[in-house]
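The letters A, B, C and D name the chains in turn, as written, and every chain counts its residues from 1.
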């Protein structure tokens, strides 16, 4: 019964939804129609971005209310959230992951490393930024980006 | 009326003609001709059976045919049912066998000996139910055992395991014969005659002890023939090692005769008995149902799996037979008739799907040389027709709609559920357990056949043999197609059997409840009713499937083309077929759940590299699920026999005089006993 | 109270009574087991209460209140206190076995699924055995007689198969509950004085057992009864 | 005529309501976790989007993979026709046999398990193996519970059972009735792949049962798989509602009664779904090898229900 009391005392922790983010609509958004399944790919990140992505789906930011949901297989996914500079060992798996997603599909690069290799630029194990490996449709800058920025990017994809 | 004797005579003539044909003919035409003769035996015998099911009766005696007693034959609807089933299976399997033999040359089933015996075996399958005297019955029974034994041995040159299986089979079937001989002899002596008519009229005057003794002896023999646990040990050995056509005949026609014997002796001749007989029978049936299917779930040898599934299905049938006895004892002939009809219907259905499954397994074995599911896979692309036929048989075996097994298991469940109307604390306790047993075995059967189909036929081939498989020759496919048609007919219009089933039930004195008629099944008792229409289910499913497909197509009308893509490999290298689940891994959760029952043997050997104990060079893992009942029950007996044999060797010193002396003293002792006795 | 309502309520109480015993086999947490035992005490009290009301025997009402107080209140309280003592000691962290093992029946001698199936078999046995008794005098009360018998058997089974001393105490108490229920249902209760005496005995037994387990625990660091085999040598 | 209307209404409500029920359950869960939630319409949006996506056939898969999703939905649709949710007096009432219903459920499970094996991936096989293990163990529970339910009605025919229970509510509050409810409820949880047997929202392959089998599906096929699972859950909850709270179900040929019954059954299923979602917040998924314990427990309950209805059933003509 402790949990019940906890639920009652806590109430709603999700913050009120901020206004819909600016920016032109992506072509696929229309087809998604407010439902986006997300597959995360860690292509070599320091895990800072992963923590923020987890934050974006927690009760406070609650990305799920805009229709985004994490899934376990790229076959189920519409969007690949790619983090980190793409390491040599992850380049091929990343290509395969994106190829395994059914059309229409989008790739979102999360974090500075994913956009331009960030701190790791020129590292011996780094193949390049995400856009060097797969076409990127949307980028979320930041090192790491704040959860609300990730949520805002996802909202541009879901259109809600 | 004269159809039955004519058909039986034709069958006999064809079967007997097959013996010289198999021995003399050159190899080129042997298979085809003997196969045609065997098919003829099947058709003729099946015709006789159908005629008997249609209400025909026949009885004849040939006093001179056998010494002392003469031969007696009688055919009623109960015999007719088993003859019709055996006839249909024999005819289809014979066609299959022609194709099977054609590829094998003169080895195995194609050899002179095997081809000469095959028609005779088919004939005995058809004649055993027609026997109407103890001596005739026993003679045919033994002939059936011997011919099947020779057929099991057919491939003994190819694999040494065949010989061991044959020894097991020979010993167990002859122990069964001894029990049967003892039981029926006591019965005949007490009844004062050896024809079934004499036994029937004499059973009333016998003391309960003698009746009980007769029943226990004969029931033990019959259940062993039916492959029931714990007397099943021959079955999972002989079925896999026999040529597949023979396995099909044994599993779909021969084991049925165990049930026939049980029903004939228990109900018809002895006229039913006290509750403990039937509780015993039900206990054996329930045990085999669950234990058989559990062992099938653990098996990765395809034919062994099918053999254990036979044990399970016969268990379900015998469970029904036992329940019928229980209800009859309580005085409810209507319910007894209903549940017996369900059991007999399951015999028919099981024969249809099991012969089909064994046929398909034979095709796989022929195409790949492999029975181990772990080494097969991907066959659906290379042998699509065989895979489809196996799937059809498996649908029957899992007892789900729209398969034919579902029809009879539904009826069996219904009759058990409604059996609670029979007063008494025994039924109230036994029936829920029986329902649970049927349900558990049906659930496990689903897992078993998903495994057999999914691991053996789906995904990609695991070995080169499986990858190089080729579709079977036309005649094998034709034989299986006949059986598939039979399965489909039984699944969609069980009403085909209709009155025949009622007559078979009425032949042992129970009320026919007409559970199967026209469009479906209907159970109607005093206070209960239930109905099932398999055809409706199929139509409904088809319509729904069509609607779903059409709706999906409409909803995604701006349809993108269906894309072929590589399997999702988690981004790593493409998954190799060796990564796919095998039959062993598929069964692992069940093995763990039923750990206490199965007692699997596992051991892990870790070999470290020479330099360090922490670096592993090789890990060997062995997992074996032995037949536990067999281990616990047979091993001590075998050990005892071996020990006894050792000590008996002292008697056999090698001196011929001593041997003659034993005979002499034995004779004298016997005479002394006789003199003193009188 | 109308006849049909009485039957309905009595059946319900008996059902709850049996169910509590069954669920004891299901759960591993000793705390939950004790809670279930308390629940069973309530069901037993309700059975006594119903019988008393139905047959206008006011003595039974007193017994019912007494049973409720003892079996749903005092005994669970005592066991819970013993349990709390173990768990508190665990926090000292000095014992050979972990405290969480003390608070849970982790490894019963017969695994849980098999215990449940055994319970099913025992219940069927109880029904079969009690059948002749029921047929002597088929009233709603005697018809529920097998329930009491089944609880006796299940209690015995718990006693045989559980390792923790406290689980065994509960098993013993289940057994006693079953006997009491059987007595009520068969003969509509034993004389008041006998019932009081028995209850007093049970209370004493529990106190003694509780003392014993504490001693055992202090001496051996565990209440796994199987470990007591070492005493044999 | 009213009978046909009832069936059309019922199937329509189930088809339209199945995703909404899932949405409602997710929303309930979200609220209890302090989240805002995606709204009850979200599963419909998911289905719509998946239908528009590209269908994919992985190389090496065959007809089983292709046809399992439509077959799953088809079996659920037939169930939606058969199970009396709105009216017991429909043209299919003679066909609505409880054993048939159970078998059709199993047929859907089996089709999906074969599809999982057909992919030839490790996860597909793993999911199929686990799913079939659970399905095999659920079967005895569910059929013995069916047995218990059929005793007072004297039939396994669903409309007869439901109508009988609606006439005599005492059947439901008897120990037999209550035990059968509990047993069947556990079986329903297992059949529909909910907590504590299976976690439908897990992302970890090694903990998956149902999800592992469908990892290869994409686009419209995936839409069918998800829709099929939602249909099953809805039909099963509806079945529970009809069996154990049959009040208000139409038993005659009156259109108003049918409409009222439709409204009531929607409410009942909503309440059941929300209760289940709320309960799931409190439950953890059981280890796979603890599931047999749960099912053994529910089997015991079912068996007790049978014996109780036989031995205790003093009234209602239960025992004879």
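Just so we're on the same page, a contact is a pair of C-beta atoms (placed from the backbone, for glycine too) under 8 Å apart; a residue touches a chain by one contact, two chains touch by 3 or more.
Quick caveat, the model's predicted, so the values are computed rather than measured.
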| item | value |
| --- | --- |
| Innermost chain, taking as reference the mean of every protein Cα atom displayed | D |
| Length of the line joining the C-alpha centres of chain B and chain D, rounded to whole Å | 35 |
| Whole-Å gap separating chain A and chain B, where each centre is the average of the chain's CA atoms | 59 |
| Residue numbers of chain B (touch at least two other chains) | 428-429, 560, 563, 565-566, 568-569, 593 |
| Set of chain A residues in contact with two or more other chains | 73, 75, 102-103 |
| For chain D, residues contacting two or more additional chains | 48, 52-56, 215-216, 219, 292, 299, 303, 307, 311 |
| Full enumeration of touching chain pairs | A-B, A-D, B-C, B-D, C-D |
| Complex contact set, residues of chain C against chain D | 4, 7-8, 11-12, 14-15, 18-19, 22-23, 26, 111-114, 116-117, 119-120, 123-124, 127, 134, 140, 143-144, 146 |
| Complex contact set, residues of chain A against chain D | 3, 7, 10-14, 17, 31-37, 59, 62, 64-67, 69-73, 75-76, 78, 101-104 |
| Chain B partner contacts - residues on chain C that touch it in the complex | 111, 113-114, 124, 127-128, 131 |
| Residue ranges of chain B in contact with chain C within the complex | 425, 428-429, 433, 593, 596 |
| Chain D-touching residues of chain B, taken from the complex the two chains share | 377-378, 380-381, 398-401, 406, 410, 413-414, 417-418, 420-421, 423, 428-429, 432, 435-440, 442-444, 446-447, 450-451, 453-455, 458-460, 527-533, 536-537, 540-541, 544-545, 547-549, 552, 555-556, 558-569, 575, 577, 579-581, 585-590, 592-593 |
